[in-house]
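Read through the structure below, which is laid out as structure tokens, and then see the notes.
Note that the chains are named A, B, C, D, E and F in the order they appear, and that numbering of residues resets to 1 at the start of each chain.
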Amino acid sequence: MFSVTVRDQMMVAHSLRGDVFGPAQGLHGATFVVEATFRGESLGEDGILVDIGRAADELHDVLAALTYRNLDDEPAFAGVNTTTEVLARHVADRLAECLHEDGLGAGDRVTGIAVTLHESPVARASYERVP
Amino acid sequence: MFSVTVRDQMMVAHSLRGDVFGPAQGLHGATFVVEATFRGESLGEDGILVDIGRAADELHDVLAALTYRNLDDEPAFAGVNTTTEVLARHVADRLAECLHEDGLGAGDRVTGIAVTLHESPVARASYERVP
Amino acid sequence: MFSVTVRDQMMVAHSLRGDVFGPAQGLHGATFVVEATFRGESLGEDGILVDIGRAADELHDVLAALTYRNLDDEPAFAGVNTTTEVLARHVADRLAECLHEDGLGAGDRVTGIAVTLHESPVARASYERVP
Amino acid sequence: MFSVTVRDQMMVAHSLRGDVFGPAQGLHGATFVVEATFRGESLGEDGILVDIGRAADELHDVLAALTYRNLDDEPAFAGVNTTTEVLARHVADRLAECLHEDGLGAGDRVTGIAVTLHESPVARASYERVP
Amino acid sequence: MFSVTVRDQMMVAHSLRGDVFGPAQGLHGATFVVEATFRGESLGEDGILVDIGRAADELHDVLAALTYRNLDDEPAFAGVNTTTEVLARHVADRLAECLHEDGLGAGDRVTGIAVTLHESPVARASYERVP
Amino acid sequence: MFSVTVRDQMMVAHSLRGDVFGPAQGLHGATFVVEATFRGESLGEDGILVDIGRAADELHDVLAALTYRNLDDEPAFAGVNTTTEVLARHVADRLAECLHEDGLGAGDRVTGIAVTLHESPVARASYERVP
């Protein structure tokens, strides 16, 4: 099994609804360092699983659509708590769409996508799915 | 599949019995940087897998019971080599107990616990179990 | 010359006024990883420059007063752009006050305070002053 | 499930053939930070999965055979693109051979080997296999 | 004293002439993680020392002129060993030129430029100069 | 001004005497990640400040004399608290001796030595001196 991972980041504001979030119910923010991993069993003729340059560009575009934003105002998250888990799933779902539309130079080799968001040096969340 | 990871550290002394350990048979010590991961297939209504604040607190408590100690004198490890692998299992087992007792805001969503101990920038060990 | 550094973090929302900030003029947020350094020429009898536990506690308290907040609403920053540079100076000034009030176990040994805020893995700012 | 990971690095030159590589078709180079992970279900009597010292030595030897080299001139890679994925598989295959020849103090406990090569802070690739 | 630091990277091939370099006399390569720091005593009205976006862009352009290259073939380094020290000075000198030409939003506030190149997790070199 | 930094680590046990140390008065331990920096105004003909390979070897030897030890039993530290500050000074003093004896390929170019010991991801201490 092979995997390729690219990393980027985004800076957002948001608030979280629910007693469980304590002081994080107030409007605050985060720098999310985001890692996107593509997995597959085989390589193409060029010796690659996925075009790492296009993968990095797609991740950058997905994050650019959110960075410098207040997620509380984003229609995509209306009525949804933008927890780190939910944001990890959002990014993974967008990357799965990119893979279906563009292939990222991977043909049909990618069998898994995993996204990790580091919200600080001491906390992170991940979501993994099939493309 | 979702996962949430929290990180903390402990500073301990210990020695290891067995020729395989070479100079590490002498009394020495380590700063263990510890990462605890909780995995599960679904999120609760709040959009979380686990209450990350309580998870961090429980990890801190588990490590606080060992930090600034000489593990050679701890009854919990009598007759046991406190290798990085054994300590990873110890921490994972304590966190599984916490999950059973307290739930960590996760209901019955957690299906896996993994603990990694970094003993230095160039060496680490992990243990993974079901709760 | 000796120095001692402690590290912590805070998660805040804010916006920045001025064309130079481009998209960062919108309300967004950041996880600031904060390092506070105390410098001095000599050690006390215990072999320490500063009580590192108290230094860590004071840094934590300074950051706790800001974390999970929208800095645009904080009276301390009324009419001021909360750039990374300005926040570094704010934290350094608060730590200098702590040092004057409490000493942090350092007597009059501390001759310099430096604070660095990492806003992401690729950008940071620092401020250094005499106590 | 237990795992043990060791880390080292190598510095190499190479070029990559194929339009997909864009400017990386030119002769350039990389510092690869390499992590090798050994997995297994049980520990030996000493409380270890694998002799971490021997594992680190073997990884060092595998990387030393490549470091400070131009991989374009290495017979082992004739006609092969030395992508990060291919190099991860090469290192994993060499470590599997070491495990078969020498055991690395692990008896027959190791059931999986994974190798990750970080080519920069923002890109990495991995390969995982059974020994 | 304030400072602002941006980080980027480049991947290059090169060889080094002189017995002191041992095996690094052969053609090999490196990923250099590069940090550029700008220092100054005061902030502008916007609360910034330097336009961090333009600083990051300039650093990226300086590194882009070298990345994916064999430095042995670059006229800029003819007859010069491209040690990490020499490359740090080269990048700092280019950034000083950018500062003179473009100002980077810093007016005449910048009084020092420092550049650090990390050649691996265990080795780095820096060069510091006045603009 | 140029500088060159090498990094290594050591794992030791020790205890600290004095109420200020709280629970760290008990026998415990640490992994110290150690960075040694050499500074100087000029480079030699080869384009280096110091032979980085010899510098790394000397740092390794200095740390090897302490690693896997209980510092409470080391004659070199009799009657001295082995705080992070004191250990940073100890390593810097040993490296200054190496520089006087062996030169480390630096001629008389080195004008400053700085040593940083990271005791955990959140705490470190440094000592800087002239050679």
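The criterion applied here is as follows: a contact is a pair of C-beta atoms (placed from the backbone, for glycine too) under 8 Å apart; a residue touches a chain by one contact, two chains touch by 3 or more.
Given the structure is predicted, the values throughout are model-derived calculations rather than measurements.
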item	value
Third chains touching both subunit F and subunit D	B, E
Separation of subunit E from subunit B in steps, with touching chains one step apart	2
Interface residue identity across copies subunit A, subunit D - same or different by half	different
Separation of subunit E from subunit F, taking each centre as the mean of its C-alpha atoms, in whole Å	27
Length of the line joining the C-alpha centres of subunit B and subunit F, rounded to whole Å	30
Rounded Å distance between subunit C and subunit D, as computed from the means of their C-alpha atoms	40
Overlap residues in subunit F, where contacts from two or more other chains coincide	121-122
Pairwise chain contacts, counting only pairs that touch as defined	A-B, A-C, A-D, B-D, B-F, C-E, C-F, D-E, E-F
Subunit D contact footprint on subunit A (complex, rising order)	1-8, 43, 46-49, 51-53, 56, 105
List of subunit A residues in touch with subunit C within their complex	9, 11-14, 23-24, 26-33, 67-70, 119-122
Complex contacts: residues of subunit E adjacent to subunit F	16-18, 20-22, 80-86, 88-89, 121-129
